[in-house]
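Order of writing sets the chain letters: A, B, C, D, E and F. Residues in each chain are counted from 1.
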Amino acid sequence: MIETVIRKRIEILADKVMIRTVTDAIDAVGITGWTITPVDSGKGREGRWREERVMGTDKVLILTIASQENADALAEKIAPILTSHGFLLTMWDVEVIRGERF
Amino acid sequence: MPQGITRRMDAAALQTFTSPVVLFFVLGFLAALARSDLAIPEAIAKGMSLYLMAAIGLKGGVAVSQSGVDVTVGLALAAGIGASFLLPLMAYAMLKGFGKLDQLNAGAVAAHYGSVSVVTFVTAVEIYELQGIPPGGYMVAVMAAMETPAILTGLLLARRGMDRQQQGTSELLHEVFFNASVVLLLGAFVIGMIGGADGFADVSPFFEAGFKGVLCLFLLDMGLIAARRLLDSRAMTWRLGSIAIALPIINGALGTALGAAIGLDTGSAAALGVLCASASYIAVPAAMRLALPQADPGIYLTMSLSVTFPFNILVNIALIGALASRLT
Amino acid sequence: MPQGITRRMDAAALQTFTSPVVLFFVLGFLAALARSDLAIPEAIAKGMSLYLMAAIGLKGGVAVSQSGVDVTVGLALAAGIGASFLLPLMAYAMLKGFGKLDQLNAGAVAAHYGSVSVVTFVTAVEIYELQGIPPGGYMVAVMAAMETPAILTGLLLARRGMDRQQQGTSELLHEVFFNASVVLLLGAFVIGMIGGADGFADVSPFFEAGFKGVLCLFLLDMGLIAARRLLDSRAMTWRLGSIAIALPIINGALGTALGAAIGLDTGSAAALGVLCASASYIAVPAAMRLALPQADPGIYLTMSLSVTFPFNILVNIALIGALASRLT
Amino acid sequence: MIETVIRKRIEILADKVMIRTVTDAIDAVGITGWTITPVDSGKGREGRWREERVMGTDKVLILTIASQENADALAEKIAPILTSHGFLLTMWDVEVIRGERF
Amino acid sequence: MIETVIRKRIEILADKVMIRTVTDAIDAVGITGWTITPVDSGKGREGRWREERVMGTDKVLILTIASQENADALAEKIAPILTSHGFLLTMWDVEVIRGERF
Amino acid sequence: MPQGITRRMDAAALQTFTSPVVLFFVLGFLAALARSDLAIPEAIAKGMSLYLMAAIGLKGGVAVSQSGVDVTVGLALAAGIGASFLLPLMAYAMLKGFGKLDQLNAGAVAAHYGSVSVVTFVTAVEIYELQGIPPGGYMVAVMAAMETPAILTGLLLARRGMDRQQQGTSELLHEVFFNASVVLLLGAFVIGMIGGADGFADVSPFFEAGFKGVLCLFLLDMGLIAARRLLDSRAMTWRLGSIAIALPIINGALGTALGAAIGLDTGSAAALGVLCASASYIAVPAAMRLALPQADPGIYLTMSLSVTFPFNILVNIALIGALASRLT
């Protein structure tokens, strides 16, 4: 059987204008990479949003695979803007194949 | 009001309501209120807004390459920049006082009203050209110059007395000076000036002939988006709604008077009025998400996009045109 | 068949196969069969379909603003609505009997054949205009009116004898009356009627001059999609394939005859025939996912989009045109 | 270290025309929000689908973060249309930062 | 309470030109279906990429729900191209409602 | 150099830099270097590239339907295919020697330089038409034929001496012969030949009048993408950068000379030169991801897109035009 390693998968829902801030934080704590996927619409405390891509106020999901330590470091680093900007951060354990590089 | 003006206003209003451009906006608005699933893909809408900015920039640049730059252009630029810096002050006072917003949200909303809406401007140009009072080509440069000063005023107001937050300031300044619409408008303007009428001839079937049709579809989409936001909104009050109508009237009149005072022709004075009357819903919201994330987009976007924008398109552009005809 | 008709049909068929519009459809179909990775972004395809609907709606409205509304228009509307309600009955019988579908899927498919395909109509109008038999502008309104009655008949057939499911009924009715294409077609039609030829002049470079070119690229995409669905399909049988060719022939002939009977001109009678012959692949599938989710899209989309649609574009439009020339 | 709470992450693959039904259910059980992300294509019992955005028969992923109770309530509420409409619902535990509000 | 079953959720980040290879592998090991979602941009060992859709060198996320055995079979089958093509494969346990068919 | 040529080159260079098409490219490049957030939605950019390929294919086909096919066309095709097969050899030698790349990456990059860039070709055609030396319509077919031979040579070079990997070979061959741009270019070419000038008249407002404007916006986007990739790139060295400028100069001169030698007219010889000078950044990268996944896109895309492409647009097209004028 293929051997797998356990890593943290972290997904951050953030404003598109803030991508740079988040990815800089990911780079800064030494995580090897990240992947950005699009988001269509949503609802939170501030009501529903949709079609914000036209206005440039839309959001994205930023996904990164990291070791437990790096994940903790990232969470620590990013916590302040999580609160001020209303980002959403979830993380959980995943098995990664040939994942020694993460 | 003298009879001539009244008749002129009637004609203008009528022209507004038989113009396909405005009618498509109304169609979108009504369709969204009826909760139809009509929707224009966001990539298409974004593409159309880029097209409109490139086209209006080019057109302005070509016009200036022919008319040349004189002292009027300089005055118009100065007036526009000054208005963008100062208009948020009155807006802020109204929003905190009558509107009952806190400092943060009042500052954020005020920034939107000092800045401009490209599509409102473009629609006004179309309507004024139909009415025989075409604004000068340099007004495009005035528009680009008015996009960002208001952001600085709005931030100062919102953060007055607070510990100046460092985080994000450099991103913000960058966003302010290199934001997409400023770059595209001014870039296309310069290309238009370099290429002149000859260079433009080649691309005019695309940028000129298609312009009004694209504007129709874009306004259809803006009607949909404006009405949907109104339906989804939670934060709107009648006080805020009233301000969102009062501000464009006041700012529009001030801008038009200013334009007349510095000697602009009728169309250009009206265009300056429209720029002052319009509220941003693209450049400024993005800047606010960066610099004032705690401010509520449910307030500033709904006011500028769902109330002020339709009011300007349907009523205020015609009013401002009539006022400019009177003052110049 | 008299020689004249035969010659006319040959000429029409030839014209069909040298028209760039049809050739781009064939290109897309062949490219997909060859498993090429050619693909048009979905946002672009969606944008083109909205453009085509806005343009055809405007054009129809402008035409009616000039020709006026008379009793013929009323008759055509009534005929179209009646056909949309009734055509699913025969389709249902064929699908359950010869096609061996169960009640649910037979009802779902029948709804598609009572409704219409906007792009088939638009392509037919282009071809008939080339042949010198342009359909009346009011046929656009007939098309919009025919989109939805068939959905109701189809649902009644599919649910006959079952406990009427409540869930989703109000969404469905709403979807039926405010679905995107009905709103856009009729909205643009009304705008065209209000604006008339004068209002249209401004936007015609966009909506008229660009029309055929956009139709080419859109049909390229529909060719790709139709063929890919055929390749991916699991549920098609030769019985269903035969029905998907027989129904447009029969419905097309019935519709053309009906048009001739109520006194429509050649082009309009042919257009009514095409509407009856065409099968929906946009409005109805979305309604079926809401109201009959257990029905298999692999059946109804493949039949309407991958068999009936190409058959209509490549063969049946020409046949119906020839029949209409004979009957009127 | 940043404190995290454990919540359920629920992802529902649903037809675009059914978004309203699903989000109404989410709102009804008292979950604070949801986020919708796009889907390109897929394959299931009914064969492959793609390019359905042109036809309006495409699907989306609806993602929501909820407490265990709310998640159970949502699952209960949404189960009937899961079966009839062929939706796909998966859920798992995630750590959420500053997630007390969910 | 609604009964759930535990299945593996597998997500593979792959080049768009390689979709066919991955989905063929999924089909081959007997998994019932898959779903493809779009990706905007990312950063890895080879630097940042974005706007690759214009060049046709963009990536997608391929998501599939499978039993433990099928998941293992898929991992085994796909491991070689994971390494050669720089794909990213993560998997974890999820609860699935009415998930007997997976 | 005789004075006439120098003057001609000056005029050509001037024309290059006042052409809106080129200016929009420069705008995009500068905006990205200033890290502006200006961006064109990817669906729109993709849509524009499909439009450009369909339009250029149609135009070429119509031209050939009028001029007919003669021996020159056959010679041009043979020359193009031969060049595409052979040019990678020299590129490979330079890349391994001076460029210090390993075999794998040298082969991958070499494939790009043997193949062609559609947009470079299209821009060159625009510029040469302005200069009064329009290339023959059949050059579109030559372009389509040159897209893929280089891929085979590049792969042979990259895999020389290795165990031939089986995996992916059949996909690759399929990708090579049915890739989107080959299918669309040749398909539209054939449609243009079938329809001829008559069939084209209908769709020319869309495909011809809009062409230059779309090219402006597309080049704006390519400028943005090229500069962003340069900023993000990690793998570029001054050696590779030099090769990415030397190769288009050498290949362009060879191609132009070859064109002159087989008797092509000035514009067509220049177009052959441009095809040889240009490097693929669409078809070949996709093929490399399939067949040589271990090669680094950070090298081949950055060289072809961020260095060679701008160099060709801004400088080399004019140089090649001047050379062709001299040689023919």
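Note that a contact is a pair of C-beta atoms (placed from the backbone, for glycine too) under 8 Å apart; a residue touches a chain by one contact, two chains touch by 3 or more.
All figures in this text were calculated on a predicted structure; none of them were measured in a lab.
Novice: Among the chains, which one keeps its Cα centre farthest from the Cα centre of chain F?
Specialist: Checked the centroid distances; the maximum from chain F is D.
Novice: Compute the centre of every chain as the mean of its C-alpha atoms, then state which one is farthest from the centre of chain E.
Specialist: Most remote chain from chain E, centroid-wise, comes out as B.
Novice: Using CA atom averages as chain centres, what separation in Å is found between chain D and chain F?
Specialist: 45
Novice: Where the centres are mean C-alpha positions, what is the separation of chain C from chain F, in Å?
Specialist: 41
Novice: Approximately how many whole Å separate the CA-defined centres of chain A and chain E?
Specialist: 19
Novice: Going through chain C residue by residue, note those that touch at least 2 other chains and give them in order.
Specialist: If we look for residues of chain C contacting two or more partner chains, we find 37, 39, 41-44, 46, 175, 180, 205, 209-210.
Novice: Touching two or more other chains, which residues of chain A qualify?
Specialist: Answer for chain A, listing residues that touch two or more other chains: 17, 37-38, 92.
Novice: Please give the residue numbers of chain A that touch chain D in the complex, ascending.
Specialist: Touch residues, chain A against chain D: 13, 37-45, 59, 61, 72, 75-76, 79, 82-83, 88-92.
Novice: For a test of understanding, state which residues of chain C touch chain B in their complex under the given definition.
Specialist: Contact set of chain C toward chain B: 41-44, 46-47, 50-51, 54, 58, 174-175, 178-180, 183-184, 187-188, 190-191, 194-195, 199-200, 202-203, 205-207, 209-210.
Novice: Across the complex, what residues on chain C touch chain F?
Specialist: 18-21, 23-24, 27, 30-31, 34-44, 205, 209-214, 216-217, 220
Novice: Which positions of chain B touch chain A when the two form their complex?
Specialist: It comes out as residues 39, 42-43, 45-46, 49, 167-168, 171, 175, 180, 221, 224-225, 228, 232-235, 281-283, 285-286, 289-290, 293-294, 296-298, 301, 305.
Novice: Chain C touches which residues of chain D in the complex?
Specialist: Its residues touching chain C are 15, 17-18, 20-21, 46-51, 53-57, 81, 84-86.
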